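As structure tokens, here come the structures.
Each of the two complexes below includes chain A, the first together with chain B, the second together with chain C.
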Partner chain A sequence: MNRSRAILNKTAWAVFTILFVIVLNFFLFRILPGDPARAGMKDPRLKQEAIEALQVRFGLDKPVINCFDSLNPIKIGNCNVNPLETQFFIYIGNLFKGDLGISYDTNRPVSEMLSERLWNTILLIGAGQILSIILGMVFGILGAWKARTLVDYGSTGISLLFWSLPTFWLGIVLLFWGSANGFPIAGKATPGMSSYPLFQQWGDVLWHMFLPTLTYTIIFMGEYTLIMRSSLVDVLSEDYILTAKAKGVSAFQILKDHALRNAMLPLVTVIAINLGFTVAGAIQIESVFSWPGLGSAVFEAVERRDYPVLQGAFILIAVSVILANLLADLTYTYLDPRVQVE
Partner chain B sequence: MQTTLQNTSPNKTASQLFNFWESFKKSGTGVVGLYMIIVILILAIFAPLIAPYDESSTANVGISDIYQPPSAQHWFGTDDAGQDVFSNFVYGARVSLTVGFFAAFISLIIGGSFGLIAGFFGGRWETSLMRFTDIMLVIPDLPLTVVIVALTKPSLFNIILVIGLLGWTTTARVVRSQTLAVKSRKFILRARAIGASKPHIVINHILPLVMPILVVQGVLVISLAILNESTLSFIGLGDPSVLSWGQMLNYAFGRGALSSGAWWALLVPGLGIVWIVLGLTLLGQGLEQVLNPRTDTHHLMPSRLPLSKEALVKPLHQNTLFEVQNLSIHYVGEGKAPAHAVEDVSFTLKEGELMGLVGESGCGKTTLMLALLRLLPSAGQIVNGKVFFKGKDLTSLSEEELNEIRWRGISIVFQGAMNALNPVRTVGDQITEAVMKHEPKFPKENIPARVTQLLELVGITADQRDHFPHQYSGGMRQRAMIAMALACNPDVIIADEPTTALDVMIQAQILELLDNLRKKLGLAVIFVTHDLGIVAELCDKVLVMYGGVTAEYADVDTIYNNPKHPYTQELLKAFPDLTKPKKKLSSIPGYPPRLDALPAGCRFAPRCPAAFERCHTEQPALHSIGNNNHIASCHLVEASK
Partner chain C sequence: MKQKFLFVFLLFALVLSACGTGQSASTPAVVRIGWGGGPDTLNPGMAILAVEYTIFELVYDSMYDLNLDGSFTLSIAESATASDDGTVWTFKIKEGLKFHDGEDLTAEDVAFTYNLYKDTPEYPYLNGYYTTYFDSIEATGNNEVVLTLTEAIPNIESQLVYLYILPKHIWETASPTEFDNVTMIGSGPFKLAEYVPDEFVRLAANKEHFATPPKVDEVIFQTFDNPDALVQAIKTGQVDMISSLPGTAVEGLKSESAVTVVTGAPFSPGPEDIIFNQIDPENCPVDEGGLCTGHPALRDRNVRLALAHATDKQKIIDVVLFGLGTPGFTLIPDGLGVWFNNTLTDYEFDTAKANQILDDAGYLDTDGDGVREMPDGSRALSFRINWDSDNSDYPRIAELLKEMWAEIGVALEPQAFDADALTAICCPTFDFDIMIWGWVSDPDPSALLYVYTTDAIPYGSSETGYSNPVYDELYNQQQVTLNFEERKEIVWEMQRITHEDVVYIIPYYAQAVQAFRNDRFTGWIIDQSKIELTDVTSLVLIEPVR
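Showing the complex of A and B:
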């Protein structure tokens, strides 16, 4: 398989996965019993008109999905309905228009609420990922380079400990420590900051980012260290490293020119697989530090039973993770020339 | 068909378990992890005996009891409801373990069956199951869990079910690849051939082989499930009727522990989670180490410095390019007797000379060659002897000084060049690297032409210069290695069976090339080979090694016409001689000795047709025969003197 076909194939699978998530998202919120829009309608105190008004407002007066005569021998659903007027197709149509419904809690459009938060999450995850990857690589390289010495045992031990920390708990501990040492403990900016010059606003945001990013970095650098170390040890015991050594190439140059790129390949895979955990981390960290991102949106939506927001946040998170995963996959294709023939 | 694990006798199973425990004990991390888990298990099982207060007891709790700091009454203080943190912590261990075990059980059943079915049946089953696994792997776990739990009742049962139903993906992948690996084993193929039903084979033959990896995976899945439960509880989706560690943290965090400075209410449950997850991780690592032992050594680890007993400072012989004196190499393993890989080997090499190095596999040839350039793995050490190259003692040089001599003075063609070339750099690029390193003054713009010329020398066309190694055939890689070895016009090439992977025509070309180079440029070659024909045709002298020692060393005519050592004689018998076509070929029965378990006397004695009593008790010394530098280590030689 050549490179362009591999890229095409991977992209097609990402698109398919996104469609799967969209369908899953629709049915989860219709099949599972918890949605208050429907639960509330069963309240005996509500008058018939009120129920109907609610149904129209949330689009629940429409049939869930039409039946396709040929595809559906059991004939579930209403077959005498225009498919475009079912909840399913309205949902799909709205999704493509960027309409994620209206929040139960704030009455604002969900897409509007989430779009400002998406960037905050990307900012936090981006900073945390970059830092943890860099630190993980540095410690992983050190550990492999000084394999079976105190440096190695120390960095491996600390990495295992970091790996075992529950994200939200580390956040709480750092919050405890930070609040005693004058760090901002909540939000993204000091109130009233918007009247200050831009660079001071940015500085304020960075200052607020410190604790969440630190939490994030500690949580993920342990795993990256372990992966980088074992992958580099594997590469450094390959025959071609011995060839390079016999060629008289210095140890540092062997590391730089022969080992790092090869050892990066597993790390890229792990980063891709980790994107799901990354989001899980973001949900916890943002909840602890009240960082106004997608993760705390999930937290607040659960707290307030605001299901449209939860649904929208889930779709947005899942699609971002799938796309980021695709990006990592394509990076791998670029890094490894062997992908061309495989 | 008595090969399955289930059919083994109880004794054998017990000894297998014992062996497993023995190797598990060696990994310190695994044992530490096991003890950490045992502590938690004791805490959970005997909770009513250990906890000083009843579970969630609110009796006699007043407003003044809230967030009381640790004291003699409350070792870890009290929480937001005035309850004893330590007691709740002890009971919380039960919840965490319950969630972990049951959720992991569900995940392992699903992932295990998916992996087994996909791996064993292949075809459409595999495609659809693995595609589904891939999709579920990409969809972020925790948000999906949150959505489902939020939409259903957050009871412990639901939480376990959801975590279990979503946590199987990695298990499916791991089990599938293990199934693929074991399904082609001989006894499974045999079971299929005699018509055993497929379910029977999967359950009785494959499952036992997949089980160990499933256990390792299980340990990791348990820890993930415990982490997930605590996260769910923290987000507010925990079972309100059960006080898990996550729930304790949720209450404390949400009800002012932070502002009241009640660090104990936050620290204690969190440390519990860390303890159990760390314990499981360490345990998993220990088990993994038993399944796939890793030595954790690599080529850039500092090698052991050479030792030398005799303080020789000068080469003994004049006009030699390369001189090896009494070289001995040991492999030192932790807690093991050192392996005497090479013992007391000496030889010399003049300009343009070609020496054959002969001996069966495992006789220390490769170790000897690696030691010449100080390329031994970190366990290997030169314990005695000197290596002189152009009058310099290579055993006393620093790495930097050695790097100047490596490739420029002495280059190596490794055996089996399959992995000797870096897979992510083009072949041309790797040859260029050698030229640039050792000839910094070589005009840059001429390097590509030089590389092309080198490759053409070994029959690789110019357009293949910028190809990657995986685009080459095995023979081409071998030839590319030879081209690379010639790149810096070295004085000596050490070639470890360089032509074994090549077809006869190419082999002849390469040998002719080496022969020409030594005649024209005075290139000296050490040629490791099994092929006595090549030795007879090309070599000036021969070093025959057996079990790490010199069996015989002489010029090529002496070796062929007047071999003194029985091993040399036997080797020659095993080789067809065209002048005496009627002679029967014979092979030497037995194998060379293991280098860490050498016989007491002569190393060849157990296989030697001429061995007598003394051979089994006393090591023969190196005896000189005549004055032609003919050396043999055999008691017979001494006797005939």
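Showing the complex of A and C:
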């Protein structure tokens, strides 16, 4: 009973947070300066009629919200309109229909644009996460098991170095190295591959993934190794491990059955948090390698003030961070039954 | 075990893909172009970006072709004749023109297209600017298009050059704004083969094109988000041409023997300008929100002239553009070709002369703080200077100006603004002293010449508040002068006047820098004053190096 109640409680909080983000997100972008019809453009040829037509197209001719006159100096809102005819209600209504609006720049539905990008990001970051988790755990366990030996110092030293590398810098270095060695340095596929057999297309994508995934893996592997190592070293010094050793349990079994499960807790937290931000994409990696993911979409949208895309991406990122945290919480209760909600 | 299998699979896939790409490069002639952007939309009406127009130029035909020297040639029509009063134009469309899907291109399609652009106010450029003077368009039985204008205009070519001819049979049932046009049926020298947003555009040659069938088989435009990757890609031969590169990389790339770096005026030049708020209080557009708080000294030509003499343009070009620019005169850039008045001479950089001008005009440093005061001692020559915070060149220009102008006792208070905030204080508010900003340009000079007129003040197009009845009269004259040579004379005179009045200081006209692999394709047009290797003019001419 306690456990299902805890789950329910946490889920309710997550839903509440998401609703809050949705409302905040709307006002955030309405307070920012920016007129889509003029965003960053100064062109003597753009006529007033064209600007008005654009405003109608993006629904910006409607008042932001029903009545907000008291909230000067923000000066948004108009008391004499039907509340259902305001940008706010249209936004909420569309959101529940899965409609995130139309991009100012591409004139395409934001949800369509973001979902294409989302899969590319998941592909890249997913591969990077899996590789870095595996490698991080292996080196972390190795370091803890052989603590204070050359192996430990070596793996800890390298991990520290990897973790402290600036992502952008490492990306550029690998780009220079990779291009000199024949690796593709931009995009997700070779143009013109669509007429080839499917497995060859997949191979081409993997080929293009090599450099960005390598960059991502190196950066995150260091972090995971360090966390895994330090938490395992802690656990291995506990009394119950000593007891297990005294009972004559084999070293491998101690590690597998007694130490690892406890030592995983901090790593799970970090992985869950990282996974949440996965959706934001590794913005820097994607822009170095021109990977058409969500991160580069956000980057471009900021540059061009494409507010509907930013707004949609923010919701997506917020929701995924919240869900990932929820997932971490729930995994906790599984890994460590002592973790409960009061 | 499972992991091992995965690994072997990966290796297998990698080897296969490497073989695959190696094979495909050998047979057809594929030009791979790396560029910093990509089209956001393939619907010509909704397009805004220059890269979109690059693709349209290749895939569509229009009434006229724009040459690299700024002149025009008739394209899909055999003849164009104007009525005596210049308001009715008759275009005889060539016979036998085909769209990429095999349908005929006739006067019907032309008339349909022009009406579509004219009747769709959501099209920012094609409607808002280029169809302004259209009254009616009709196709006659004789494969002729009759275009009736509301008034005679001197620049019909530049009005029609971007009005891409669309197939009526596809567009008549489509929503003009929502249609994404991903099949992009046109009639131009290239046809769309594949478009993946934000990744690449692949075009196949239309070998049956009536005028300029390409010699290569395919052109691929690949998007690079990272300028360093572009440079690296051409160095290592992953692409055959790049349409832009960072100024810092130019010298390094020049030393590569297989790469040729070319510079020249850009195809669509955008002048950068140092704007003086010189609006006369009498002209202040109060009804439109005009505040007109500009420093009174800037209304004095002597002060502006002194600032011009105190500006070392070459230094700005060297520091900001790594030398890749030419000193500017007026808003009409050298890239406009025939319209650019190349007889103007610049104010020489001479700090002593600048100081002398200010001394003679009575602007003296009476309180000895290093900054001059107005002749009546009321205010110091200390100006606010603002710029668009999105631009990374402007802060450097501002910093250089601050140093240079300090030499003649003029102080600056620099501050960057968000583009919207800048628009708010700019025009028609005139709540600033000096600004650094830029314009985008059109092949015809009219739009930029309009910026200097008194009429433009209340509309927010005039950013200086400059008002000169002689200039205004010339502007109206050039709008109705149908003879090219006569119009050119007027346009040149207008540039002379505004240069003489130091309405702006134009720090530079930036140059385009592009690079191509000289071991892959030959025939790029690089001997013109303008450089644009992605333009149709080059891409239909190039052929593989034997």
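Quick note on the criterion: the second predicted complex is superposed on the first by the 293 of 342 C-alpha atoms of A that agree within 3 Å, B and C clash if a C-alpha of one lies under 4 Å from a C-alpha of the other, contacts with A are read in each partner's own complex, and residues count from 1 in each chain.
As a convention for this text, a contact is a pair of C-beta atoms (placed from the backbone, for glycine too) under 8 Å apart; a residue touches a chain by one contact, two chains touch by 3 or more.
Source: prediction; values computed, not measured.
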Chain B versus chain C as contact partner of A:132, first or second or both or neither: neither
Partner chain(s) touched by A:159 [first = chain B, second = chain C, both, neither]: neither
Which superposed partner A:203 touches (first chain B, second chain C, both, neither): second
Contacts of A:107 with chain B and chain C, given as first, second, both or neither: second
Partner chain(s) touched by A:296 [first = chain B, second = chain C, both, neither]: second
Partner chain(s) touched by A:186 [first = chain B, second = chain C, both, neither]: second
Which superposed partner A:287 touches (first chain B, second chain C, both, neither): both
Which of chain B and chain C A:175 touches, first, second, both or neither: both
First (chain B), second (chain C), both or neither touched by A:246: first
Touch count on chain A, higher of chain B and chain C: B
Doubly contacted chain A residues - partners chain C and chain B: 33-35, 172, 175-176, 179, 287-288, 299, 303
Complex contacts: residues of chain A adjacent to chain C: 33-35, 37-47, 49-50, 53-54, 57, 103, 105-108, 113, 116, 172, 175-176, 179-180, 182, 184-194, 196, 199-200, 202-204, 206-207, 210, 286-290, 292, 296-297, 299-300, 303
Chain A-touching residues of chain C, taken from the complex the two chains share: 10, 12-14, 16-18, 20-21, 24, 30, 32, 34, 40-41, 43, 46, 48, 121-125, 127-129, 177-178, 180, 193-194, 196-200, 202, 218, 220, 222-226, 228-229, 232-233, 235-236, 238, 390, 418-421, 423, 437-440, 442, 447-448, 450-451, 461
Residues of chain B that touch chain A when the two form their complex: 134-135, 137-144, 146-148, 150-153, 223, 227, 230-231, 234-237, 246, 249, 253, 258, 263, 266-267, 270, 273-274, 277-278, 281-282, 285, 294, 296-301, 373, 375, 399-400, 402-408, 411-412, 414, 416, 418-425, 433-434, 437-438, 468, 470-471, 481, 484
Interfacial residue positions of chain A with respect to chain B in the complex: 13, 16-17, 20-21, 24-25, 28-29, 32-35, 144-145, 147-148, 160-161, 163-169, 172-173, 175-176, 179, 230, 233, 236-251, 254-255, 257-258, 261-262, 273, 275-277, 279-280, 283-284, 287-288, 298-299, 302-303, 305, 307, 310-311, 313-314, 317-318, 321-322, 325, 335-338, 341
